[in-house]
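Each structure below appears as structure tokens.
Each of the next two complexes has chain A plus one more chain, namely chain B in the first and chain C in the second.
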Partner chain A sequence: MRTKLSKMLGNSAVASFSSSILAIVVGLIFGLLILLFSNPSQAFQGFGTILLGGLQDGLAGMGNVIYFAVPIIMTGLSVGFAFKTGLFNIGASGQFTVGTFVAIYIGVNWTWLPGYSHWIVALFAAALAGALWGFVPGILKAVANVNEVISSIIMNYIGMYLTNMLIVKTVFDQLKNQTLPVAASAQIPKWGIDKIFPYRSVNGAILIVIFVVFIMYIVINKTTFGFELKACGKNPNASKYAGINAKKNIVLSMVIAGAISGLGGALFYLSGAGKYMQVQDIIAIEGFNGIPVALLGLSNPIGILFAGLFIGYITVGGFNLQSFDFAPQVIDIIIAAIIYFSAFALVFKNLLGRVGKKLAKREDEKDE
Partner chain B sequence: MEYVIEMNNITKEFTGIIANDNITLQVKKGEVHALLGENGAGKSTLMSVLFGLYQPEKGEIKINGKSVNINNPNDANALGIGMVHQHFKLVHNFTVLESIVLGRETTKNGFLKKDDARKKVMELSQKYKLMVDPDEYISDITVGMQQRVEILKMLYCDNNILIFDEPTAVLTPQEIDELMKIMKQLVSEGKSIIFITHKLNEIKEVADRCTVLRKGKYIGTIDVESASKEEMSEMMVGRKVSFAVEKQEQNLGEVVFEVKDLTIKSKHTSKNAVSDVSFKVRKGEIVCIAGIDGNGQSELVYGLTGLTHIDCGNVFINGKDITKESIRKRCKDGMAHIPEDRHKDGLVLDYTLKENLVLQTYYLPKYQNHGFIKFNEVREFARKLIDQYDIRSGQDEDSLVRDMSGGNQQKAIVAREIDRNPEIIIAVQPTRGLDVGAIEYIHKQLVAQRDAGKGVLLVSLELDEVMNVSDRILVMYEGEIVGDLDPNQTTVQELGLYMSGSKRSVKNEN
Partner chain C sequence: MNEINFIAQQAMYFSIPLLIVALGGMFSERSGVVNIALEGIMVMGAFIGVAFLNITGDSIPGQWQLILALLVAGLSGAIFSLLHAFASINMKADQTISGTALNMFAPAFAIFVARMVQNSQNVIFNGTKFYIEKIPVLGDIPVIGPMFFQKAYITTFLGFGILIVSSIVLYRTRFGLRLRACGEHPHAADSVGINVYKIRYAGVVISGALAGIGGLVFILPTSTQFSASVAGYGFLALAVLIFGQWKPKRILFAAFFFGIMKTLANSYTGISLLKNLPISSEVYKMIPYVATLIVLAFSSKNSQAPRASGIPYDKSSR
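Presenting the complex of A and B:
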């Protein structure tokens, strides 16, 4: 028992965790500096509000945190999964967008589906659409060695404009310049989550997210498929030498990453929170926010879950900052600064390693 | 006695391992001092301490009689200590001159002043007979030339104490001779050299004194003149080492591996990298492909093992055509491959030892159940191999392969490949960069496979290895097989003629 515990606490896990925490602290300090710069008199009050985050409104506030965390955990998982295979999935936004559209389309139109299966079909279709959007960069990389960063950025734009076009043609509410509301049967069940967190937007989506985290953890760490994916990510040459089909794994990895992002879009928009897709030329921010979430979580599914919750927490804190006299842009900047500093977790991990060695050395010298 | 370097009673510990245990190294001015030891004996650690990369737990370092503290490589440079690393640290799209002055650029108002630098480099090059063309690009010059650039870089920084970390591992025999001359020239000009190696011939040729390390401990310092090779290797390994490879009477069986009219186009030129190569390997036979580096051996192996595309020709295992088969299928058909570059191809360095040991077999029912890896079986299997092949590492099967010594990494590959019980083993320079003990071990394993009735195809650049281990020698020159020789009826000189293309006995059909 003891050896197991000490192994678990063995340097790598602890270093990973503490480096993420350190990254967050530095991000927060930077946020405080911006606050001091823009409005010194209310800076500390404002900072307190950010730190209080979702807790300001008690459990309801936490419900809000969960609502905002769901999509970025999913895109974070998507980016993190592709990282394991050595791929940078910057196309999570496009996958998220097409997933969202397909979910809404089915939610609005396929009302002939039996009620209990309506939302399930919508989720699956969204995952499928996201998978398709991941498949294209994957197959291009595998067959023609096209850099996945470039092709998935292109897919982001194709996804966005195609979605805009299809919304206008199919599920458009002209008065409000947004999508039509989805049928009630297409909304994700609450499963009692709304009882714990009394907030209208919260629903069972978080349980589905936790389920995906669990599956991904198992796949990466326990299966031959995960073994292959990681081998391809760590050394593509040796994987080829060992007879692992790297091309198949690149495609599969992107397909799965895409499916997770697409599912994320559906989970966010089928929440019955009064959230609608709008026709605008902006690439979905949730996709990009998945990158810092994956980095802060060090590509570990469980790490990503908590990283996403943290960033949701800070985001809600940012909303509450509006009650002070800060320019709205400043709030955005602070939140963005905190999020992106958090992405330096890896840098801090290396730094911590070095500091640890120095400390150990000093202790040794003292002992003598 | 005056010493330029004194490292007294150095102790350096890593978690779980004492890399240097009370080691003393004293280098006189103007001598070549060899540092001899097996892989993992602590040579590199000791030099890293001297170079300021590690801080020792105990001991003191004196340079020119003065006690010093070396905290980083810059301190070392300031004290006149320079190092030629085993893997050169050069920028490939820089010219020779730019590479030499890199980090020590002479500037005027922020602009580079190359003329002064060029003058100094040319003077040094003349003085030490290190001929280089300062305007060639690093990517265009040979490995031997690159090494000269590294040496010039040290001299350019006015270093007086030069460390050579296994400098001959990457050189051809001719280049090695050149290097030896250069080293003699350097010491005659008053420089001092620490020469890290495990090649006894080279020590005999060039070194004045030799310090031997074994398993992190100081064994002794000897005068090279008065010591025999056998004595030195015994000090290094801790037991008597046989240089001759013991083989049983050959028991030839059927053809196990056949290559027919194999042609592979070169990626860089219009010529064929491998041109119309045919040969057979029988059961119980070690066939060696000899030749100077870059004559198509690497491409041939890549083609045979399925890592690159074959343009023309066929490959058979036990009569079965495997030309078009995937790497995994070849693996199942009984092909084992000990690759030339173990870091690039042979291992996933950031995987643990146990994961690397099942790199090709993780998918077999023995190690997985419905896609879930059976970690206990994998661990047991790894422990078995670690025991059987004496693979040493800090945390046994859970060690990261990156943290293991080169010799043990190679042992892991050999263990993995042989344990699959293959029909044919393709071993490419399996002993490159390894010490005497490990070389002896790997040769023994290959011979044991031969005696067990397997086919072995050995690709080697080392003439000693070619002559001692093989049953038959094929010489490759410019992508063709130009000689099919019996090691008992040929000489190294004759082999050299074939290798340089001056002689051929296999008829050329073109």
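Presenting the complex of A and C:
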């Protein structure tokens, strides 16, 4: 009789999950070492603050966690979706930025829209803008064989400069050097989420995020289209042989990834949290932060949801850390360490698999 | 004429770091390891190099201090890149993942250390003292004198030096041949007795050293303080590397193509012809990127990426 344990160890999903958990534990220990090294007297208190994360301020703190998690879950989904087709979407930042701008533009100017549809139109337009920004690297890859990494990097810059130019021309508040506030009807409804998490920036965006996670899960796992995308990612030659139109899938994959990032920008900036776009030559950090979220979530939509919440959670812990003598960047160091150790997943998985096989073998021998 | 000299001098500030870092990336990728961590390694090299300048202050005379700082930057880049080498060679990790980790770690580390030590994330340094108004003799040569040997830093010549050495190493030495073999067909290389792991380690460490140097070279003429960022130049170097088709000469061309475009965009107000055109500065800033994208669209059809680049080498697989 094979026991549950030996079966579990042989299961690749379990192995992936446990290797992620192991990476998190090792990353956190690394963070503790950094704290101990830089300021031993406060290290353990500081570490406790990180672990306590958003919970330090109870449900309000968790509202803060959700607020930070929303954009990085979306860019994480975007990066993860492209990963499924074997594409590295490092351009989530640019897609996020153009989506944000379009959402704000509509939020400020299109007040003639009936109230209940204003924010919905803004979200759709943002997704469309992001999709356009993803389409360019996609079509260039499919038609002209341009490496998507470099074209997406370039699109980040073009998006940033274009947005800066358009902000100044259309929705600029000269005095505050930022965008004008959006109309109240363009803000995403609260849907009672703010009652559960009493934090002013929290709203229905997280429900939309969960909806996107659900849709993406269905598309990837339950549709022919999703199967084709994965096939192209795993083995382009075999899928070509099987009659799958790889070029079409590359373009579609980038378009969808771009749309998700663009939508993420809208969800973050239409939250009514007093967040404005500023005119500066800096690439949106939310896009790059989506990469570790996607990696930690193993490109699985549900995994990405939890990875984003986890990173939001310890990021809030990092803010609280400032009450001690620590720079909050220790959180980024911890996240980097977690990502680094999650790269060892293969070795760890093989190890688990071997242990599982040995166990199973021993049990089989016992039966005889 | 003055304006052409001005463009040439300015273009060096943008092109040379791109050239150095892209050449670094070339060594890594041609050995078979994709190095997306160039950005992070640049930050690390620049941070330690600038910290060295900050700490040593005026205790070391003139250009010697800069040379030492460049060595320190290169060394720290090389050491930092060992992390990437270990993950992608020994642990057979996904090279994008460990590269991303390094990119995240470096700026966080730089800000964290700077804030713990001096309560501010900006590390101040005095780079103007390394500025050379005019090099004796060479600066007097007509035409090219003012373009290349006036208002310069020694880093410009270092960049060209690295280019020449890189081409020789890659094409004219046994090591270069082995390096290229490991990036194209590691199993074939292994079968004739080449240690693939060792060669790949060498490739990554060279890329780390050059990226570290490139980080400091980029910061030196463009700023007087360092705040844990090289403004995405590591990623641009990656673009230059691919644009340059993994070959030294074409990388030189790509770096200068981009650098000159960038110069025109940044300092068009100093160029009378462009200043009078009714175009906003943001459009100028976009031009280098749009132009690169267009050139890529026409030149990527026969991309010659090293065939085994990005694939971990596993002796036991066929």
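As a working rule, the second predicted complex is superposed on the first by the 316 of 368 C-alpha atoms of A that agree within 3 Å, B and C clash if a C-alpha of one lies under 4 Å from a C-alpha of the other, contacts with A are read in each partner's own complex, and residues count from 1 in each chain.
Keep in mind that, in the parts below, contacts are C-beta pairs under 8 Å (C-beta built on N, C-alpha and C of every residue); 3 or more make two chains touch, one makes a residue touch a chain.
If you're wondering where the values come from, they're calculated on a predicted model, not measured in any experiment.
Which of chain B and chain C touches more residues of chain A: that partner is C. Once the two complexes are overlaid on the shared chain, A:I153 sits against chain C while remaining clear of chain B.
By the touch criterion defined above, A:I90 lies against chain C but remains apart from chain B after alignment on the C-alpha atoms of chain A. By the touch criterion defined above, A:G243 reaches chain B but does not reach chain C. Contact with chain C, but none with chain B, is seen for A:I333 once the two complexes are overlaid on the shared chain.
Once the two complexes are laid over each other on the shared chain, residue contacts for A:S38 go to chain C alone; chain B is not touched. Of the two partner chains, chain C is the only one that A:M165 touches; chain B does not reach it.
Residue ranges of chain C in contact with chain A, taken from their complex: 36, 83, 87, 91-94, 96-98, 100-105, 107-109, 111-112, 115-116, 121, 231-232, 235-236, 238-239, 242-243, 280, 282-283, 285-286, 289-290, 292-293, 296-298, 300-301, 303, 305.
The residues of chain B lying in touch with chain A in their complex are 55, 57, 305, 307, 326-331, 337, 339, 344-351, 355, 359-360, 362-363, 368, 371-373. Only residues 222-225, 227, 230-231, 234-235, 237-245, 361, 364 of chain A touch chain B when the two sit together in their complex. Those residues of chain A that touch chain C in the complex are listed here as 34, 38-39, 88, 90, 136, 140, 144-147, 149-151, 153-158, 161-162, 164-165, 168, 281, 283, 288, 291-292, 295, 326-327, 329-333, 335-337, 339-340, 342-347.
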